[in-house]
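For reference, the structures are reproduced in the following blocks.
Shared between the two complexes below is chain A, which has chain B as its partner in the first and chain C in the second.
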Partner chain A sequence: MALPKRIIKETERLVADPAPGITAAPHEDNLRYFDVTIQGPDGSPFQQGIFKLELFLPEEYPMAPPKVRFLTKIYHPNIDKLGRICLDILKDKWSPALQIRTVLLSVQALLSAPNPDDPLAPDVAKHYKEDEKGAMGVSREWTALYASG
Partner chain B sequence: MAAKVPRNFRLLEELEKGEKGIGDGSCSYGLEDSDDIMMSNWNGTIIGPGHTVHENRIYSLKITCGENYPDAAPAVQFLSRVNLPFVSPQTGTVDPARLPVLASWTRASSLEHVLVEIRKEMASPANRKLPQPPEGSMF
Partner chain C sequence: MHFSKTYAQLLADLPPELSETAVQYRQLKRLINQLVSELALLGLGPTVLQDLLQTGVDAAAEGTLTDGPRAVYEFNDNNSGSIEPRLRLWVDPPPHDPLEADDEEAGNGLLRTLQRHVPPAVDAENKLEIVIPLASDAAFFQLLGTTLQALSDHLLTMQAQFVKTLRQLTVTVSDSARPVSYTSTSFRAHSALRSNAGGVRVSASSKSDLYAWREIFQLYVETEIFESVGDRNRQDHSVDECEKRLKQFTDQVAERGLSGADKLKLPRSRQALQSFLQLNRFILNVKKFELANAEATRKILKKHAKRTALPAPDADSPPARALLPLRDASLPRILVQELGTTLLPVIPSLDDYACLICTSIAFKPIRLACGHLFCVRCLVKMQKRGDAQCPMCRAPCVLRADRSNVDWALLNFMRDWFPQESTLKLQQNEREAAREDLEAMGLDPDARCVVA
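Here is the complex of A and B:
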């Protein structure tokens, strides 16, 4: 009935030595299911936002990537209306050498470096490509509206 | 310990399956509101089975997944009028006690199952010839 040792180790380290601007805490009744928060990186339109996410380690983890989703609304070309994230390491670029911590750091980095050429939210990506300044303004507004804690 | 897929990730899987299209297309479902982050409210569609009074009729249903889904069954309601023994003739609400897939709900069941089972009920010998309200009428 035990949780794999690797998951226990990763969880202990996440709690004892969290990455800057990131928290992850497992649910008591499901130790594979984490409540996550990520602070919007400084210098990005998401600065000062606290974004809630959820993360789940499927049965096959670490041979399969964790599942991660934003619960806070966010205006970003690689995150869709349901909070799904387009990030290569969550899909075909996953490697068992990656961890929960590295995944969450990559999601945080994605906030600093939106990639409108590989969009999940086509309308947001279009906005970012045609009027980056205006699009960043909307991202800032949404951050103030939905992610101010 | 077998991994227990949490509600939201389970519903995302079902959504993705529904978007790809299930079976022969006689049943389908999707989110009522495409930015419903909690994925609570769903629309279902059933195309009435052939060689029954339901043939070629298109039935719309509303499916609600509560906080405890998939440990708890979803709530199901017909929006299109229909005469079936497990559907309230006043409101269209499906009585979970009278539909086995809901009465004996388990985590292995899914929204797809619910629709497929309702469609099977429509084609059962007891129900296939029940007189029906005018086609296209709504509750």
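Here is the complex of A and C:
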């Protein structure tokens, strides 16, 4: 089936005028599948890291949310070992008015503001709650180890 | 290359109505030369003056009396509007018989030179106070000040002219890009009382230049000639970049045949396009002109300070006040804004009437109870999925929407101003709905034959 106009438009804008710190490029053989990178936000333990993600637009998009997953290992209470992300707008709070761009900006914001009270990775969340300084240290280590390009 | 040459060349490229009012760099330079020889005649070469002024600054800072001569560069402080710069010097009084004291001490030598030209005024703090009016310097600031004032006045006149031309152009464009209701007698407005939303049809025939103008303006906005509005680089472009982009726009318009009779059918449209291009060239010229003048002013003031050792005037001294730019925003920016708010909105832009979900024109337009607007097709899809929340505000009103939510006024407006887009969207909607119906019945819409 032909690619909907909306996806074409979104892709064009992502390439021509990318959001700061974010890149997203579609696969040549599957225009619904995007290779994404997100820069760790300044002031977060993920600063200076470049994180790889994959993003897939299901058939029902934009009625249904895109599927987004971290490919780079990351120590974050809302991201699990498989790279799955706990973010409300990717689930029940999805709205068809949201876009690839806004989703990725939200993921970037999640890196700045971890939410250990709604964890996807319970061990990391526990670490963050009990010893935030130490946990951020591990996040920094992992960033240097896995996300330094 | 010397700046005066670069500057002259820059001005030569501009139309005379601009270049005639430019800062007179050469004349100002001549006045600096005069000032320099005037000072030299008084024995106040740059090095001597530099020392005297420095001592003057130190003395003022410490509040103590210093030995040796000192000087202050000052301006009259009456509000007469004229700028009268002068040097105030304090020198030790000469020995009783000036003719006998023939030593070569700096102060005395200076004083002797000065005494030949200016009679000492007052005896204060045991020093002679001498005030030297600087005639050439006054002429320098006078010329620069009046030029900049005249320049600013002139630009205001040009701005008024620009706005006037723009208004005329706006009238012409809106006149030659009339909507369907004006050019076709078959156009009838729909209403909730008389029409059935399902029966809405759109006629796309039109004898106006609406679509050509829309394409021209869209291309214009996309080319971002004078400023970028993207996420990464929201900024004014340099003169060179503007020039490049304006050329790119002009070329594209020609390439797509938008300047020819094929697309712009009405002769007055073609004239209007030329006028539109001219206005843009004018903005570019003003931009060049403002930049050249600012640079010339900066350079000439720098030269003034360097050649004479007289410090650049303080921000709140009379000359600085006279030289300050009188407006906050630069003129090119004002003109670009004027163009964007007066002319461009004459043609409704599709982006303003797109459905946020499918990004096509929101036809037929459905207004939810919360006030947000989407195309009927996207809302039907949401209803089928049972999604109740408005995509914009999450108000739970999607499932309650029905034919009473058709925005008839907007529907007529879209048929009128976007006949082609509305027609196309209507067809797409119908095709998509038919497909979904087939799928709902368990049939493959791509199969060749569905009748056994």
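Keep this in mind: the second predicted complex is superposed on the first by the 148 of 149 C-alpha atoms of A that agree within 3 Å, B and C clash if a C-alpha of one lies under 4 Å from a C-alpha of the other, contacts with A are read in each partner's own complex, and residues count from 1 in each chain.
Convention: a contact is a pair of C-beta atoms (placed from the backbone, for glycine too) under 8 Å apart; a residue touches a chain by one contact, two chains touch by 3 or more.
The structure presented is a predicted model; accordingly, all values stated were derived computationally and were not measured.
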item: Superposition on chain A - do chain B and chain C clash or fit; value: fit
item: Partner chain(s) touched by A:Asp35 [first = chain B, second = chain C, both, neither]; value: neither
item: Chain B versus chain C as contact partner of A:Gly83, first or second or both or neither; value: first
item: Contacts of A:Met63 with chain B and chain C, given as first, second, both or neither; value: second
item: Touching partner for A:Leu3 - first (chain B), second (chain C), both, neither; value: first
item: Per-residue touch tally on chain A - higher for chain B or for chain C; value: B
item: Apex chain A: angle to the C-alpha centres of chain B and chain C, given in degrees as a multiple of 10; value: 150
item: Minimum Cα separation, chain C to chain B, after superposition on A (Å); value: 11
item: Chain B partner contacts - residues on chain A that touch it in the complex; value: 1-3, 27, 30, 32-33, 54, 56-59, 61, 67, 69, 71, 73, 81-84
item: For the chain B and chain A complex, residues of the former touching the latter; value: 1-6, 8-9, 12, 15, 34-37, 39
item: Residues of chain C defined as touching chain A within the complex; value: 230-232, 356-360, 378, 381-382, 385, 387, 389, 391-392, 394
item: Residues of chain A defined as touching chain C within the complex; value: 4-6, 9, 16-20, 60, 62-63, 95-98
